[in-house]
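Written out below as structure tokens is the structure these notes cover.
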Amino acid sequence: MTPERLRALLDDVAAGQIAPEAALEALSRFPVEDLDYAAVDHARPLTQGQAEAVLCEGKSPEQVEGICRALADATGGFLATRADAAVQACLAQAFPEAKVNPRGRTVWLATNPSLPITGRGTILVITAGTGDLPVAEEAAVTAAVFGNTVARLNDVGVAGIHRLLRKSDELRQAAVVIVCAGMDGALASVVGGLVTVPVIAVPTSVGYGAAFGGVSALLAMLNSCASGVVVTNIDNGFGAAAAASRMNRL
Amino acid sequence: MTPERLRALLDDVAAGQIAPEAALEALSRFPVEDLDYAAVDHARPLTQGQAEAVLCEGKSPEQVEGICRALADATGGFLATRADAAVQACLAQAFPEAKVNPRGRTVWLATNPSLPITGRGTILVITAGTGDLPVAEEAAVTAAVFGNTVARLNDVGVAGIHRLLRKSDELRQAAVVIVCAGMDGALASVVGGLVTVPVIAVPTSVGYGAAFGGVSALLAMLNSCASGVVVTNIDNGFGAAAAASRMNRL
Amino acid sequence: MTPERLRALLDDVAAGQIAPEAALEALSRFPVEDLDYAAVDHARPLTQGQAEAVLCEGKSPEQVEGICRALADATGGFLATRADAAVQACLAQAFPEAKVNPRGRTVWLATNPSLPITGRGTILVITAGTGDLPVAEEAAVTAAVFGNTVARLNDVGVAGIHRLLRKSDELRQAAVVIVCAGMDGALASVVGGLVTVPVIAVPTSVGYGAAFGGVSALLAMLNSCASGVVVTNIDNGFGAAAAASRMNRL
Amino acid sequence: MTPERLRALLDDVAAGQIAPEAALEALSRFPVEDLDYAAVDHARPLTQGQAEAVLCEGKSPEQVEGICRALADATGGFLATRADAAVQACLAQAFPEAKVNPRGRTVWLATNPSLPITGRGTILVITAGTGDLPVAEEAAVTAAVFGNTVARLNDVGVAGIHRLLRKSDELRQAAVVIVCAGMDGALASVVGGLVTVPVIAVPTSVGYGAAFGGVSALLAMLNSCASGVVVTNIDNGFGAAAAASRMNRL
Amino acid sequence: MTPERLRALLDDVAAGQIAPEAALEALSRFPVEDLDYAAVDHARPLTQGQAEAVLCEGKSPEQVEGICRALADATGGFLATRADAAVQACLAQAFPEAKVNPRGRTVWLATNPSLPITGRGTILVITAGTGDLPVAEEAAVTAAVFGNTVARLNDVGVAGIHRLLRKSDELRQAAVVIVCAGMDGALASVVGGLVTVPVIAVPTSVGYGAAFGGVSALLAMLNSCASGVVVTNIDNGFGAAAAASRMNRL
Amino acid sequence: MTPERLRALLDDVAAGQIAPEAALEALSRFPVEDLDYAAVDHARPLTQGQAEAVLCEGKSPEQVEGICRALADATGGFLATRADAAVQACLAQAFPEAKVNPRGRTVWLATNPSLPITGRGTILVITAGTGDLPVAEEAAVTAAVFGNTVARLNDVGVAGIHRLLRKSDELRQAAVVIVCAGMDGALASVVGGLVTVPVIAVPTSVGYGAAFGGVSALLAMLNSCASGVVVTNIDNGFGAAAAASRMNRL
Amino acid sequence: MTPERLRALLDDVAAGQIAPEAALEALSRFPVEDLDYAAVDHARPLTQGQAEAVLCEGKSPEQVEGICRALADATGGFLATRADAAVQACLAQAFPEAKVNPRGRTVWLATNPSLPITGRGTILVITAGTGDLPVAEEAAVTAAVFGNTVARLNDVGVAGIHRLLRKSDELRQAAVVIVCAGMDGALASVVGGLVTVPVIAVPTSVGYGAAFGGVSALLAMLNSCASGVVVTNIDNGFGAAAAASRMNRL
Amino acid sequence: MTPERLRALLDDVAAGQIAPEAALEALSRFPVEDLDYAAVDHARPLTQGQAEAVLCEGKSPEQVEGICRALADATGGFLATRADAAVQACLAQAFPEAKVNPRGRTVWLATNPSLPITGRGTILVITAGTGDLPVAEEAAVTAAVFGNTVARLNDVGVAGIHRLLRKSDELRQAAVVIVCAGMDGALASVVGGLVTVPVIAVPTSVGYGAAFGGVSALLAMLNSCASGVVVTNIDNGFGAAAAASRMNRL
């Protein structure tokens, strides 16, 4: 239930175009719809500015489909993240219009008409290496779903820093920058020193040995010597984009 | 060397009010001024939008004073953080106009005239408990130094959640929210679910035992079930404010 | 060997209805029955108030079946936890009357007649999200097996705190509350601040990255700012229910 | 504001013995009293069944005194925990009637008349060794403050298990057992196997080397092979007693 | 090359029963035999009192077979540990006389004639639960291979401590005790308090969640409150038996 | 109450040299003597073969003195470990005959007549570097107190391995070897490969940075590639000597 | 683009043998070639002295092939590391001339003509045990690709230190030594004490339990008591060889 | 005993200038001199190419002085590291010629005549920030003591990367680079990408919170995306210089 939908519904009631009973029915699942295994939070666009996304991990395909169905019925669309192959297949069959992004492990059913671009600037998603792409995909899809213009910059890790420095124009044109990097996570600090806008660092689980599944990058990013770098959970491209979207709407 | 100072200097040269030689002298320490033990980065207002702050920890009082002197000579002011008692005393003597905040361990010499408020909205700094105050002080001072309006909300931890819920007006009026909490760090998640603006979570080292000096709060915040919560290093009120300031200038 | 069974046996002997030799035979495996690979503890209902449950993990299906057989022979029933698919199938075939709960990974053979409800109040099992359901199932099944009335409340995580607050009646009617939550574990603290009865927090391994398989929730719960929250091992729904049952019999 | 106080106030208003204005004044700080650095939660007796205790660590003596003053004004008494020598001295001077327990680091001002014993059974506090005494003291004082009868059993660690086994009577008479142990934390498991009532395990920071400040005991207790053992934070005698008190009032 | 073999060879040379050239050939691989991927240490019986055992993990079946062949050629037998199914099958085919222990994951080819029992007393291997059996098997097989009498005691964890106490005779008759336990590892401390002989604690990876693959038991055992308990690596039944064998030959 | 004392007492009673009443009095504190803060375990020589030692850390000087007094009254002597300067001074004053070892932080009051040497061989205590000496002192004192002959070998770390190899005679003459080493802990593995007798590795907290207070040495020792090396807690010279003493009496 | 290739190109242009347009085309992908998913860094031979190697882990076979194609087109060859079976098969088909090393998981396409040996001395790669061979293979292949002479020494762990000491000639002839060892990592310290040249320690993930996937060896090596031992990431044979190659070209 | 000293001694004997008895006396402490608490390794210049340095931490001032005296008697000089104020004072008094470096915590007594510069190139020591200076001092002093030319570059952390890039000449002229950085440790990766010579990364304990005393920098450096970066222990400037010196003598 987005603010726009809610307002339109009330306007229609005021204009006599919808009977109060019908409006009541439309609102009956608001703000929370109880499934057997989930309490779908239809108030989230009002409280947090964004529809609830479905974290698929730890849920059965049937549970994911049920929650997505409830969201689609209420808002016309949904975003599912961390969907493995089984969930992707299940949702693709249930919602043929949905866009499946295998690399980013997202499934997105756009509302119809789709949401307008409401973010004021461009969210730039950067990767240090090719292995960071899945996380960057998740971030880019999410940012777009949440109504932002998205740009990309790939494989510009600091081991060859000229790859980054030659892209200073792209850096300067961003409103918010999301940096996805594993291993030493050093790219976040360098980027943080080159731009004046917010930088969101996403540690990735790329690497082996003492990378500890992303911990090395996480710690490096938390200790970034560039001031103003903020951090999300390891591999949390979704969260980074959600935060960037909040910033981009200020 | 803020952009304003640089432009004014160039304007004066263009207008013939300052001789090129004098301008050259004024720029001689730009962008980097080499001290024996430090390379003061006078370009930072241009590259990152904020003057370099001085992290006092790990530096001798003499080193801190020297770096602050260089910054004050160049920009008229400085901000020193994590200043222990000896550093506070040293700076208070060297710069009698500086404001010392013992609880937040900051020393601030404002430029004269002081910088205008350039942030568009209010940065709200929240604490879960009284023990989080030093970190919140550091954040609040920094946000103010960087040209933002600051509001405060103290001791509203979730153990008595009615303390937070009665303050919904303050929450809704913020442009950016900084949440300082130790122990379970739960306040960040609850706040993240109540507002539509960016939420920056600052884990604090408050607590004992399995709080592990802030690690418990850090992990909880990184795993916040509210989307869009971003995190800084433990006790890093300065960093949170620097990030909030970047967001508030978008 | 429950206290009831023991007393009945002795009563029968006293009444001459059972010959001492027969009683001796019935008691021959008491208090410990030695299998080749296990020493089944038939005294546990006396010492701990609850029959020994069988933790299947780390045991072969044959070993599990043997231990369950010994328990069933002695008490008429058993509870097996953390049973994977192979163990579930093995037990289902060996004990056709047993109830298999695939989501909670439990297999339960009720004594006949089944044990009466001896717990004085209701044990309420809460989950923060759908992913916490397996752990909650284990807790709910265990609590019921141990003779308690059980209620459920699902998917009320703090990211949408209105989902929890609208359920205050359910909260107030519980005698003991079990909170199953992963990631930030914040639900335990919020619930702990809303009720006056014991709250048992069960961290779950839900989440990814810095969730560290439940460690983030575990630490948050150990540091709960609400007083009186106690904690079990990660994913230990069984242990939480066993503890709740002890409390509910006080 | 305990339920009793609130009811008495309303009764007096109803009986005309207190003017509504006076009652209003008495309630003016309810449910939350805002100090500059704290929001004292006077509703906690209603929401959690126990007055808010003051965790002194991380607060200045002045802050602690201010919060205690607010609580004493509202309820007649307070409990302060983890009070170091400076805080103990400050409170002893400000509240001469308060009882200071240096070993347990608590300061307690009893309400007058003191609260009646409302717990139904005895809370037994056990230590594995002499070094666990400070934590046990904190637990025992807290349990008494919260209206429970308390018994003690000291230095019965499992290295000499006959020390524990000879005390089986004390064990059997307890309604709730709190086990304080550091190092291997083994006592919790042994006690958990000997009693049918709830066992709360408190890991202590006793030990050195791989004791890791209580982590070894914490992990051992979380993995107790005795079912139904629940755990608190390291050294958290207060929390254990608060939980025990909740259980003892069921 | 055991001391006995070496002495016999030299005696034969001295007696003229073996030509020096033949003895030279027999010694040609002594003390080290270089394979392409391994340097088999035939001097180990002299330096450490025991033949080198083959840790199969991390080696291909072909490599394991090659090393075992070299040992068998030199000493008549070998002991392979942590052998997975593929290695077990490979060795069973290559050495039909070898004894495969699937539960303990060992393959043992006894020398012919087999080594005499040289250990002076009995090595007692105890488990806390059924899940600890694989580690105990490894220890028992190893102790036997190294020439010791072995006794067993299974599933006597402290949750039902009467299971252990009723076995005091077995405890008292042991020369060395090996305790295999996971989870809380408490059994090692209790046993350490009941016997006067050396106790070797072997933490096992039994358990889940905060058991952390045996870390909880490892830490508990390192911090055993019973003096004189020594510890091996997690799941290292082999190492415990090797140490016990050294002790038993003193 | 050592076995010898107990037997002598009973012999005297049998011989009529001591009245039963006097014997009863002598045994009145056996097996456990309850102090206010401790339950002194006088049965330990019978159950574990060694008198209880007093771990001073975490106890006040008064508590330590009280426990030592109880032990001295019962057995004629005591051993106190990890005694800081205050405890050392307190005990030195209370027991002028006691030997204080400041480096090893032990205080030892020998029984009179002192116990005979009952260990069969020599316990050799080795250090890798000068910084390991305090732990080695603790081990050496303890081993002597427990009736063993002790030899020493200092500063033979593997960085200059010829320092160790030239001492092969000392190595070969030991019945049990205790290796105290911090940092890389490599000495334990090398020694384990050179001797046939038991090797007890004691990780020390020597080192800095990634030594993590002894964790690096602890892990290295647990993973020693030499079979039969067993490990104690970090800095636990006492425990190593207690274990060595058990081995040396086999 | 190696320096040699660049110089040759410019020489040809100067000599009129290549038209400027053709040279421009040849340089068009220099210094960075943008693929969709990667920014291939052709400047690396100039900046770091070595061509970029392709870390296959985390990349799809198609991505790896694409990057290798770009490198082969530019330099004539490539080195791919941590290639699993699927990647190995893909590259073997695409580049039939490439050498696949299954044990070391490398795929190497040599430039034609192959690069000359430019390293001044021999790089000696040592393993402590057979399980360390894959890492050593990766190191040896890399060192050869980078133009160095390589020698090998296998299975000389310190448990049988005579295996190492008999190889002192090989040790003395090396210009740089790479030590691959897991578990206790002790070999690095011993070797570090025996040679005067640089020693690079590579911890391997060999071992189990408290080996923690190589952490035990990593920590031991970081704390090596032999001065001048430097360390790489766990299992990072490639990095060790790259560093050794840098040293060998000094 | 440096090789030069040894050769000169033998030459003198050969020339009849020194009597064999005198030479024998001079060599009597070679290769190891046994003090009560240390075995000074005079062979180290021969085995490792550098005299043994004295790690003062964990040793008493008297012990340090004794070891330094033995070294000075044998070689004419010594290097003591990690010397606290008490040790510095003790050595300054005992060896008035020694140079005390309070910031780097070193005390150096140069041999007379001092050793010639034998390193072939310049060792460049870089710091990311002022707080890294103590570690850099230790490295610089050590490198000089070991006969190398040393250059310095301070405070060039990546937050203001232009500070580093403007120093490319210094970078290119180095034979070996030592990078001292705490917090995110990113400088090591950036430098590793800019030079072709060996880069030794030294993580420092600069920072707070999730810097974990240097662990964040350590992990980042171990995972450096620039190939060929090797790492030392946290704060180990000495070790870095010792390694650099080995490289510089190749």
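Order of writing sets the chain letters: A, B, C, D, E, F, G and H. Residues in each chain are counted from 1.
By definition in this document, contacts are C-beta pairs under 8 Å (C-beta built on N, C-alpha and C of every residue); 3 or more make two chains touch, one makes a residue touch a chain.
None of these values were measured; they are calculated from a predicted model.
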If a chain touches subunit D and subunit F alike, it appears here: E
Where subunit A and subunit H overlap in contact partners, by chain label: B, G
Interface sides of subunit F and subunit G: same vs different residues, half threshold: same
Identity of the chain that, by mean CA position, is farthest from subunit A: F
Chain of greatest Cα-centre distance to subunit G: D
Inter-centroid spacing, subunit H versus subunit C (mean Cα positions, whole Å): 60
Centroid spacing, where centroids are CA-atom means, of subunit D and subunit E in whole angstrom: 50
Centre distance in Å when subunit B and subunit F are each reduced to the mean of their C-alpha atoms: 54
Multi-partner residues of subunit F (each touching 2 or more other chains): 47-48, 129, 159-160, 192-194, 209-211, 215, 218, 222-223, 226-227, 233-234
Chain pairs that touch, as defined at the top of this document: A-B, A-C, A-G, A-H, B-C, B-D, B-H, C-D, C-E, D-E, D-F, E-F, E-G, F-G, F-H, G-H
Interface residues, subunit F side, partner subunit H - complex: 129-131, 133, 154-156, 159-160, 162-163, 166, 206, 208-211
Residues of subunit F touching subunit E in the complex: 47-50, 53, 120-121, 175-176, 192-200, 218, 222-223, 226-234, 238-240, 242-243, 245-250
Sites on subunit E touched by subunit G in the complex: 31-32, 36-39, 41, 43-44, 47-48, 52, 55, 57-59, 63, 67, 82, 203, 205, 213-215, 218, 233-236
Residue ranges of subunit A in contact with subunit H within the complex: 128-129, 157-161, 182-186, 188-190, 192-194, 207, 209-212, 215-217, 219-227
